[in-house]
Every structure is written in structure tokens, then in C-alpha cells.
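In this document, chain identifiers A, B, C and D correspond to the written order of the chains, with residue numbering beginning at 1 in each.
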Amino acid sequence: MGKQRYRITSYIIGGILLVFLVMALLVNTTSLGENTWLRVFFGVSALNFTLRASVPLILGAMSGILCERTGIINIGIEGMMLAGAFAAFVAKTSTNHWPLMSSLLFGVAVALAVGGVMGWLHAVFSIRYRMDQIISGTVLIILAAGISAYLFDRNAVAEGKFGAIALPGLSQIPVVGEVLFTNPPLTYTTLILVVVIHIALFYTKWGLRSRACGEHPRAADTVGINVNRFRYMNTIIGGMLAGLAGGFLVLEAVGQFQEGMTAGRGFISLAAMIFGNWMPFGAMGAALLFGYTQALQNELLLAGVTTVPRQFVSMIPYVVTIVAVSGFVGRVRPPAAEGKVYETEGGSE
Amino acid sequence: MNTSATPVLEVRNVTKIFPGVVANEDVSLQLHQGEILALLGENGAGKSTLMNIIFGLYHPTHGEILVNGQPVVMKTPRDAIKLGIGMVHQHFQLVPVMTVTDNIMLGDESVKAGLLDRRAVAARIRELSQRYALEVNPDAVIEDLPVGVRQRVEILKALYRNAKILILDEPTAVLTPQEIEGLFDVMETLRRQGESIIFITHKLKEVLRIADRIMVLRGGRVVGEADPKRATQQQLASMMVGREVILTVEKGPAHPKAVVLDVQGLRATSDLGEPALRGVSFQVRAGEIVGVAGVQGNGQTELVEVITGLRKADAGHIQIGGVDMTNASPRRITHDGKSSHVPEDRHAYGMVDSYSIADNLVLNQYYLPPFAKAATIQQGAIAEHAKVLVEKFDVRTPSIYTHGGSLSGGNQQKMVVAREFSRPIQLLIAAQPTRGIDVGSIEFIHNQIVAKRDEGVAVLLVSAELDEIMALSDRIAVMYKGEIIDIVARADATREGLGLLMAGVKHEPV
Amino acid sequence: MNASSLRRIGQMLLIPILAVFTALVVGALVMWIFGDDPLAAYRGLINGAFGSARAWSTTIRKMTPLILTGLSVAVAFKAGLFNIGASGQFIIGTVCSVAVGINFPGLPAFIHLPLALLAGIAGGVLWGFIPGALKVFTGAHEVIVTIMLNYVASLFAGWTVYAGGTQGQTPGPLWDTAAGPISRTPEVFESARIPWIFGDPYRIHWGVALALLVALLMWWIIFKTTLGFATRTVGANNKAARYAGINVKWITILTMMIAGGLAGLAGAIETLGLNHRFAPEFTGGVGFDGITVALLGQTNPLGVVLSAFLLGALDAGGARMQFDSGVAADIIQVIQALVLAFVAAPMIIRQLYRLRKPSDQVEATVFSSGWGR
Amino acid sequence: MKEKRFAIVVSLLLVFTLLLSACTATVPAAPAPQTGGGEAAPAPAANIKIGLVTDVGRVNDRSFNQSAWEGVKQAGTALGLTEGDGFKYIETQDSKDYADNIQQFVDAGFNVIVTVGFALGEATTKAAKENPDTYFIGIDQFQGEALPNLTGLVFHEDQSGFLAGALAAQLSKTGTIAAVLGTDLVPPVVAFGTGYELGAKYINPDITVLTTYHPGEISQAFVDPEWGAATAKQALDQKADVIFGAGGSTGNGALQEVAAAPGAGTDVFCIGVDTDQWETLPAAHPCLVSSAMKLITPSVIDLINNYAASGTMTSGNYFGGAGLAPFHDFEDKIPQEVKDKLDEIAAGLADGSLTTGYQP
């Protein structure tokens, strides 16, 4: 029964996407585009904004999926992102004199590494020291905020950030090319990662084992899988992805670091993960929806077409998150062993 | 059987000490090729610990293990699997949301070009299931499968890994008598194919029926060996518990009076959203014990939950003492319905681990005088109450302020029983009241249940242990797929008859 | 009995004390590594928190809202709920109390002030009710919902004092028309203000006494009443609570309402006692700090008072620390995170100091049972 | 780490002083009389101690906090004071601490206290009333009623924005320009934004000006570069080719986004705010044609020097200089007629023959 519902949901989502594509094409190439409201909803700038706002959410949700599929709840994504962002910034500013690309790539590498360290910390806290996983996540958030603010050298200036790369040929497609195939490298990477993670999770040995650890760790243990090693590994990789999200913010979206610049994206990622039923493509869809609500909010403000107080317009993403979480949690199914410490004398810990 | 050859598995003087507990002490055993060795012992005798050591989940404190004559060190189950040891756990180690194929290959996957080769594995499963007559569909999802089939998957899982030594831990606990026969057939097939099997159980009849050799464990030690051809049930039983055991409960004839519990056409849905009860009707009268028998997962759990208010009824009526209690709150059923409930899962429902024994003993009465006055808790009255009950129900604890979670299983159950049996009631619902506890406590609880009946309480007893049902009940209701397929008087009930009913075969009225 | 209960209290305090100590040591190490002078920093910290009558007054002033937001989080923990929403509830409480405080001129103080406080509580209760009800009826996890409601609360509060936009939007209902383009409310009437205990420059108001009283009340409710028993049972074992006839849904909603009310009261007290008005730059940071306070206080209301005092002192000393030693006050946040980590994972402290685990103590608070369960 | 930080601060300071003396000449509207950096050399006033309280944010925010601190530092150094004893800052962590932070300085015997930002207005006024012997300078704090010991240092941001708008309108080829601004909760930002719009319309009445303010609260509005960048991209997607980024880091985010966009410096341009951002935000060089300045640093120096020299405090409001920053690398790319037009507007604004039309 679950499968059928899943198929129906996929059809609905596919249908919505198709309508969107058609509308976007019409609005951006025909005279329909003269209607301000249609531009607000379907204009290229709205679509570009959506993708851009979604990238950190997608990466955050992937981070959550990796951790939670092996049974570790990760509400610390926000902190991991912030740490990654700060690390990327420090790396970038200290290599400003390098050629731009190598300096940026170095920033990416450092963001990944520091995100990984945060993931490792979360794993150590929650596996080795049996800290409640939600509290451990909270600790990471506060720690990242504190450390990054304390160490932030406000005189440091990062020079340059990733620019858009138009994919030859593909970028010439009207609208689609502009939105999908003219993006900076980390955006492409993120989209590819979703596919890779989906395949890895459901079609590889690693994915099968990871999921078993999150659903029934004892079963995994009895066939000789080291549950806690998988949990460590995936939490670290999850941390790296969250770190990459932070790296995206600094190296691709902004170019500078700002205290608290993740601004709740980690939490919205979590909602996207839940909304997407712990599935990579589902989470991506949810992240795009949240990104779209943000785009809409900004488009409405920029177009000045509504006199609704802008605070209420700004509430849209948060209210949508609440509605999504309320409407779907009952119907999605989290990994069964989430949040529970797995202890065995035979394990690594 | 060739006893002179090197044993395929040998355990030498193994001792396992957990903090504060000696689980195994100086245990030795030998297993030969093509042999079914039965390991007999009651709960807590150390059987499971021993098997977990052999399977690499635990590490012995002292002693060694030899496979095919070679001493081995098993750090994880992976090592055990490599040595050809397979284990079928009492609680199935299967991931419910995954397919049979995924479950079987988990940990020993076959990979093509970096991706899982599910097709090859499925082919191998089909081949194995043909060879050993273990029929399963490789593409089925575990949570959709009946218990018996899941067990087959577990056995296939071991065979897929080329296990030469199979450990079956309490494999019959969840099966109907007919399914047990099927399992025994499989075991005999396996033995013919040269597999060696360790069969763990506490059921005497089964041991005598299938085993080649019997070893009895008690208190973590080996207390003796027996030959099934010569041993009797009585002999084995006394070896198992260390004294003569009374296998039946002393009780007089029942004197049923007015109907206390009246259930009519009850329907309910399981957690998975499937119908769990499909029109259940029966009555329990004051002064009688009605036992509900059936293979686990046929709606017994849901039945108890609906009667006690923990689950919503979709249709039907429940009356307790003549008052309608359909979909009443648990509190109303407990309080107004004057009923008690010994829950199936004592840890999940029956107690709060972090609460003191005293608090646990008032868990569902804390709001009533004398434990509460004007919404404030009266610690004194609660302590007084606890002292009396701990004494009366023989709960062994250093203090009434000890955390409930730190008691042993038997004492926890006695604590729950003490709470539920100590107030004036008209209805007692006891679900699996003796699961997982020692024989002494079982006897005690059985006697308490009979005493309640003799006081004129209506008792509904749900148990997966047919022996328990047969020993205590005055009437026996058998559940099958959410229905009560039949209700028989104890005098008319036989194991075989009940077994057929549990398998859904309704016998013709004579 | 007395000696053993003393020992139990000692046991309870041991871990938090060692946790704070260790966090301070690690914090010093961090400062030292990055070229700051930890000794000067801590000297400044202590000076700023306890060095003078004014320092003490700052500590007490900072402590007051922390007691209440800490209680808010702690009470929710008792029922197994994680209330990250104290900041949103705080903000809504502030707005509601101000709404009453700037209206009804001429009302006598003995009516106006309680009314304004109640309004704050009511706002918080509503903001707690939403996640509670959503959890019970739809299964939405309170962590996500409360976080989102924090943003919504802050936006909503911003709108109430909005000075009117450049793009045709109208001013908010609580906006101080006399303030020109500034977004803020007028000051609340004298009759709605909490009186000072010590006026300027100490600025300590009776709200601190009220907060202490509420802490005592919460302690009594949690440990001495049937409601508290029910709440603790729900938190300790949800299923057993259902079995025991406790209305788990109602307790869940009620607890979130109480938690919200406490945070709302914190907002009301802070506004009616100290700020006397609301402006959007007043954030609910104390709500987030409430998590640390609650955990450090081992979710015990009396422990919460102690840990609120400690965090209040850290907060109060932070500015002075930066002033005296030039060490960025952000290090305080690092120390807070460390304290939280050490309290939530006593194993770390035990290993560090080679302590044995007391035999009869349930280890580590556990709240997370997965999403939506 | 600290040494390195210090070294950077010092070198930045040196560069800044040098540039400042060079800059002042090109600033079209600088009404305040220049006392000149070193020549005034007043006798070290007895017991002067200068304290600075930042708005929520940092002293080196590359925006108004930093500009103010530079002013305090230079004035203090010129007076022979040392950092720590003679002049000092407190970074505000939480807006509730404004009053406490001011009080810290009062208690420590500081007699010149500079508070940065509109939001501190109320706390500053209160403190000024309580401490009549202490001199307060409130940056961006317009004084409705004058206090003898409080100077509201304010600027004609609308004029500066007007010039930026006029520049943008002349550079634009698409007929669409944009402004990505901090919050409309703060009047100076609105003045910049409205001035920009009016200036653009003054050049080309048909021009489309996309103006957005950050939708969040004051506490986030100036520190959300991601929003700034995303919004700038949005404006670019809607064919805007000159983007004015005004509002702390938020605006900087917008500038950097434009700098990384294809065609930066040839087809699309950006304009900075507050200080000459060519100096403070190198990452924006590819597109940064100019900045709409408000000269906080020299104004702070002037006010402090006046006080130190004569003991006079300017009561009420003091209007600091505002205008466009130099074009730097774009000097040659900007057509002469554009420059002439700007000079003409600047002159008109200065002598009052031209008004921006901005109503505060």
C-alpha cells in the first residue's frame, strides 16, 4: 500500500513540475510575461532564486538522510553548516593570493573536512558518550555559533567566489538552460549528489548496510556488520555534506562569512528531509518547495504587487514548513531505530 | 553419527561474567557433524549467552572455542559466519521494510559493477529453497510475511552463508504445533545434508522428539546430559529446575457466576492499518478463567488493548459488569470497570523504569485517596502501601525506593502483579503473565491467578504458551486471524485439537 | 535518611559542578591557544558578575528571565518534550503584555499589572498550545514546529510595531505613532509596570521574586501533585502512562501550554519590569539559553534557579570581560556549549575524573524517540 | 592570531588615513569645515577619555561601526591618548544591553561617549540626561529636542543616494536599475534608497527602479549577505544592470554577487555605500563604480577635536558630509558628460538650488 501511495505522489509531483515548466516557458518567452503576477510566480528570476535557495537545503537534507538512515538523529545540521561556512571562509581568506579556482577549491575541501569533524563529534557524543542525540545536535549548534563568532577575524576579506558556468549547448535551451544549465559548480555538484546518494542508498552494498543499521541494528550486527562503524562513517559523511552546504553559502552564494549566516537553513533542511520521507529525491522536492516559497516571498516584495505587510509575506516559508510537517509526518515513516543507542559487547565501541 | 571424529564445534570451559552476574560458568560442549544437539534450560539458565558467545556477539571471560579442532577467536559475528556458524535468533533479525533478497544478502552481498546484484542473489535463494524445501518468494517484503515464513528466511540466511553449524534459538516459541512439525521436517532434511544443529529450547516434548543428544543447563552451568531415547520428561524437568516440578497447577473446579466481561462483534485495526480483529465475541463469567490461545500475531494483543481501552474499537461492544465500556478511557475501565490488567509487554506498558517501586505500585491509582489528597501526592501512604505489597508478593528488593528498572525480570513482574492483584476487582486481564521469568515466579503467579478466580474474579488469560493455557484455563478460546475460531471447555481440549484450531482448521462438531 | 538525602543532593550537584569547571578550563585553553589571556578574561568575568553592587544587580537582572525560560524548557522535558520554542513564546508574551500595558489608561495598578502579566502568559500559552496540539493530532515533531514558530513569532511581533513600509504597507497596531519612523511601541503605563526593588542604577524589580516564586510553585507541582506525577510518567514512559489511565494527549498539550506560559511570563516580566516597551530588536535569545539552563539544572525547578544564576552571571560578566581584557564575549557561548555537552553526557566527566557511576541512578536523560512518534 | 589581527588593523588604518586626505578633495558635498589631520594639534585636553558603543554587530563590520571606530581612534591618537586607557570600544551583543554598555563607560570615567546607530538613540538620550557632564555623540541619531551634551551626528543620505541614482541612471542601458537595501526600519537606509530612486528618476523619468528592503528584523537586516546576494541575482535576472547595495554586510553580499556576474564592469555595475567600498571590499572591484558615502570618520574626528580644543559641545544635530566616492579604476570608463552632470547635481544640492525631494 505504501508503494502505491508513493507512486501516486510521484505522479502528482511530476504533473506539477510539468505545469511549471510549461508556464515558465510561456511566461518567459511570450507576452504573458507582461503580467506582473505571472512573472512573480513563473519568472526566470523566481526560478533561479528557487534553485539557489534550495541548494543548501538540499545538501542539508542529504546530510540528514545519511545520518538518520543509519539511525542517528541529526538536528545539528545547522551547526555543521555554520562550521563549514566559517571554515570555508578562513580557508579562502588565507589563500587569497592563490589563483582564484585553487583557492576556492581549497575552501571547499576545508569546509568538507570541518563538516566531517563536526559529524564525527556528533557521532562521538551520541554513540560513545550516549548523549541524547537531540541534545548533542543542540550542543553542536551552540558550539559552532560560539566558536565561529569568537574566531571570526572581521578584517579578513575573501576575494572572489564561484561564478556561473554555462554548459555548452544545454545552456542555449530557452528558460531551462538559463535556470538549470547556467549555474556555479557547487550547484551542479549538489544536483549530481542527489542522484549519487539515491543510487548509493538503494543500489549499493554500503546503502543496504546503512539502511539496515537504521532500521534494525541488531539484525545488521548479527550478520557481522559493525553498526557503530557505519553510524560513525555516515554521520561523518553527513557532516561533510552539511559542511559543503556552508561552503556553498560562503564560496558560491555570498563570498563572505557572516556570523549566524546559516539563519535556520539547517532546520528547514530537516523539515525537507521529513517531508521527503527520508528519500533523496523526495527531500530534494521538498527543499525546492521551500526554496520556491522563499523566492515567492522575495518576488512579491520586489514586484511590490501586494500591500500585505511584508512580515506576513515573510512568514510563508515557515508556515509552509509547519503545514508540511504536520500534514506528512503521520504518513511518512522514519527509520525504525532512529535515536536509539546501539550497544553490543561485540561492537567497536 | 560419528562420535569418534573431531567435533565440528567444541566449547571448552567457557565462563562469562557480566558486571555482577555470572552468566556461564565452566561450560563445555561438543557438537558433531550431522547431529542435532538440544540445549535445554529454563529462562535465565544461560543458554542464550552461551550461543551468543559461540556466535561472536559476546566474548568469553575464560575458556576457548574450537571449530573443527582449531581454537578460534571470534570478535564479531562476521568471524563466526566465516567459520560456518549460522544462527536463527529467537527474535528474528530481519529488517521488516526490506525484501527477502535484501535481508538474506545483507552483510554478504553480491556486487556487480559496484551495484547490488539482486538478480543473482534471488536465483541463489530459489535454488537453496528448493534444495532444503524452504519455500519463500525472494521479492516479498518481510513485514508482509507470516511468522513461519520469516523463520524460513532466517534459516535461508544462514544457509546462504554456507553455514555448517546452525544454532536455532527457541525456534518453536512462535509456531503452531503444525508449523513446529514442519520445522522439524526441515531440521531432519538439514541433518541428512550434513548440517550440525544446536537446538535451544525449554520445551521437554520437543527435545525428546527431535534431538540426538540433550544437554541441560541450569544457573549458567551444564548440569547433565541425557539420551532422548531413554530420558523421560520428569527426569529432564527436574534436571532443568533442580528440584521436582509440579507441571500442573493445583486448582479446584470453577464455579462460574454472572457474566462480567461481555464482548460482542468487536472489530479493530492494527498499527499497520490492517484489520486485526474481525468480529470477536465471547464472555467471561465471575469465578472462571478463560484462556485465549493462538499463534502470536492473530489479534490477541489487539484484543487485550481494545478491552483495556488502549486501542480504539472500530465496531462492536464491550460490557464490563453490565456497563458499556466500548472505547472508554483506560482510567474509566480500570476504575469504574474495577478491572486489572497485567500487560503483555511489561517494560513498555507495565512499569516506569526510572520510578521507585513505591511509585510503580501506585501507577494507576496515584490520584485516588489515600495516595492523593486534594491533588497532592501523599508520599507516606504510598510508602506504607509499598511496604505491605513488597512483603505480601515477595518482591525481592533492597528498598521500596529502588528503581523499578533495576529489579530482575521476575521481580518486576511480581511488582506489576502485586499492583494489579491487590485492589478489589471484578475482572482480571492477564497477557503473557509469565513470559521470560523464572520457574519460581511462574508458580507464584499461577497460584495468584487461581486464587483470584476462587475469590470470584473473572479472569481473561492470554498466553502464547499452550501449556500455561491448558494448566490454568477453565475454558479455552482460540484466536486465528482476528477471530475466535472456537471456544472449548478445558476438559474437552487436547493439544492436538487446539493446535489444529490455532492453524485455522476448525474441527467438525461431534 | 538525612545523611543519605544529603549525599543524594551532593551526587546530583557533583556532575554539574564538575561540568562547569571543566568547561571553564577548556574555555581557558581555547583562549590561550588563540592568544587571549584567560586569567584576565575570567577576572573580568567575575568582576562583571560579582565585583560590585552593580555587577550583582546585573547578574540578578539577567537571571530573572532565564529562570522562567529555563523552567519552560525543563517542564517540557519532564513530559518528554523538547521545547526549542521558548524564544518565540517569550516574544509573543512580550507583545501581549505590552498590548495590555499601553492600553487601558487609568486602570489601577493592582488590576492593570496582573492583567498585563496574564496577557503575557496567555500569549505564551497559545504559542505553546500550537506545537502541543499539532504533535498530538498530526504527529508533527515539536522540535521543528517550535523552531518555525520562533521565526513566525518574531515576524509577527515585528509587524505589530511596524512603522509602515515604503511600499504602501500600513503601520502595525502597536506602533508608537509619536516615534516617527521608528518601529516600537509606546512605553507601558506606570500602572502596568512591575515596581522596582532597587531603582536606578541597579534596576532590580520585583519580577525576580515572582520568578523565584514560580520556580518554587513548579517544583511543588512537578513533585508533589497528581498532575506532576502524570506529567513525569508521560515523560518517563509514554506507554505506561497510557496504560495507567493518564490522558497522554491532554498532558502533552497541557505541558506545552504551561511551558509556553512560563516563557510568555518571562517576556512579560522582562518588559513590564525592565524595558517598558517592545521594539523588534529585543530578541528572544534567553529562550534558547533556557535549554542550557534546564539541562544544567537537571530539569529540576530548583536546579534551574541555580543554573539560571550561573548563566546570568556569565552573561552579566561577558560585557565586562570584553571591556577589561579585550577577549570577545563570544567565548561565553563556547563555554555554554561545553557545559551543556558535559551535563548531557556525564560519561565524559566520569571518565575525566575517574568517578564511579552511582549504582542506583538512571543514566542520561533521553528525549529523542525519533520523529513523529 | 591577535598580533596578526593587530597588524592588519594598523596597516588598514595607515592606508585609510592616507586615502582620506586624498579623498576629501573629490567629495563634492562636504559642508563641514575640515580642521585638518595633524595641524590642529590641540593641547592634549585634560582627562579626555573616549568610549564607543557599537550597535549589535562588530567594530570591524566594514560599515558604520567601523567608520565610527576609525574616527574615535584617529581622534584619540591625535590627542595623544592610547587605546585601552584613553579610548576604547564595547561591542554590543544584545540590544537590551545598550544602556548597560553606555553605563560601563560612564562608570569607568569616560567623558566622551560615541554610540553608533539609530537603534541606540533612546539609550543615548537617557544617558545624556542622567550624566550632564559627559559628552555624547549619537551617530545616525536625529535629535528632535536638543540636549546640551548630546550631538546627533546625522547625514544627508538622501543627497548621497540621489547622486548614486543619477550615476546609475546614466550608466544603465536596459532602463532598469535596482537597489538592495538593509531594513526600512531604519530611516537613514530609507533616505539612501529613496534618494537613489529620486536621483534616477531625475535623470530618466521612465527608468524602472527595483527597490527592496530586507524583510527581516533589525537584528538580521544588516547581517544577511546571502539575502543580499540572492536578491541582487534576482534583480539581474530581471534585467537590472546597475545595482546599489546599501546595508552593512547585506549590501556587501549584493555587491559581490554583481562582481561575480557575467559582464561585471562592462554590462553590469554596482554602487557601494557608507564608506568608499573600493577600500573596504576588494571583492567588489570588478563592478564597483562608486559608493554613496556618508563620511562618518571625519565627522567623528571633527566633533571630538572641537570638544577637545574648545570644550564646546554641538547641541542638537550635526550634519556630516555625504557624497559620491571616487571612481577609481572606472575613472576612465565613465564618460565625461556623466561626470559633469554629477558635479552639476552635487553643486546644486550643496547650494540648495536643487532638492532631492525626500521627505523624512
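As a working rule, a contact is a pair of C-beta atoms (placed from the backbone, for glycine too) under 8 Å apart; a residue touches a chain by one contact, two chains touch by 3 or more.
As the structure is a prediction and not an experimental result, all values here were calculated from the model.
S.K.: Which chain pair shows the largest tally of C-beta contacts?
M.R.: Highest contact count belongs to chains A-C.
S.K.: Just grab the chain with the largest centre-to-centre distance to subunit A, centres being mean Cα coordinates.
M.R.: That would be chain B.
S.K.: Just give me the whole-number Å value for how far the CA centre of subunit A lies from that of subunit D.
M.R.: For subunit A versus subunit D, the centre distance works out to 36 Å.
S.K.: Averaging only over C-alpha atoms, locate the centres of subunit B and subunit C and give their separation in whole Å.
M.R.: Distance between chain centres: 47 Å.
S.K.: CA centre of subunit A versus CA centre of subunit C: separation in Å?
M.R.: 30
S.K.: In subunit D, what residues contact two or more other chains?
M.R.: In subunit D, the residues touching two or more other chains are 1, 213.
S.K.: Two or more other chains in contact with one residue: find those residues in subunit A.
M.R.: Those would be 301, 310-311, 314, 336.
S.K.: Mind listing the subunit A positions that touch subunit C in their complex?
M.R.: Going by the criterion above, the answer is residues 73, 75, 125, 128-136, 138-139, 142-143, 145-147, 149-151, 264, 267, 270-271, 274, 301, 304, 307-312, 314-315, 318-319, 321-322, 325-327, 329-330, 332, 334-336, 338-339.
S.K.: Within the complex, which stretch of subunit C touches subunit B?
M.R.: Spelled out, the residues of subunit C in touch with subunit B are 223-230, 233, 236-237, 239-240, 242-247, 360, 362.
S.K.: Which bits of subunit B are touching subunit A when the two form their complex?
M.R.: Going through subunit B, the ones touching subunit A are 55-59, 75-81, 87, 89, 91-98, 102-103, 105-109, 111, 114-116, 157, 273.
S.K.: Which of the residues in subunit B come into contact with subunit C in the complex?
M.R.: That would be residues 308-310, 329-335, 341, 343, 345, 348-355, 359, 363-364, 366-367, 372, 375-377, 402-403, 405-406 of subunit B.
S.K.: Mind pulling up the subunit D residues that touch subunit C in the complex?
M.R.: Contacts found on subunit D: 1-3, 56, 84, 88, 90-91, 93-97, 100-101, 103-104, 107-108, 118-119, 121, 130, 144, 184-185, 187, 190, 193-194, 211, 213, 217-219, 360.
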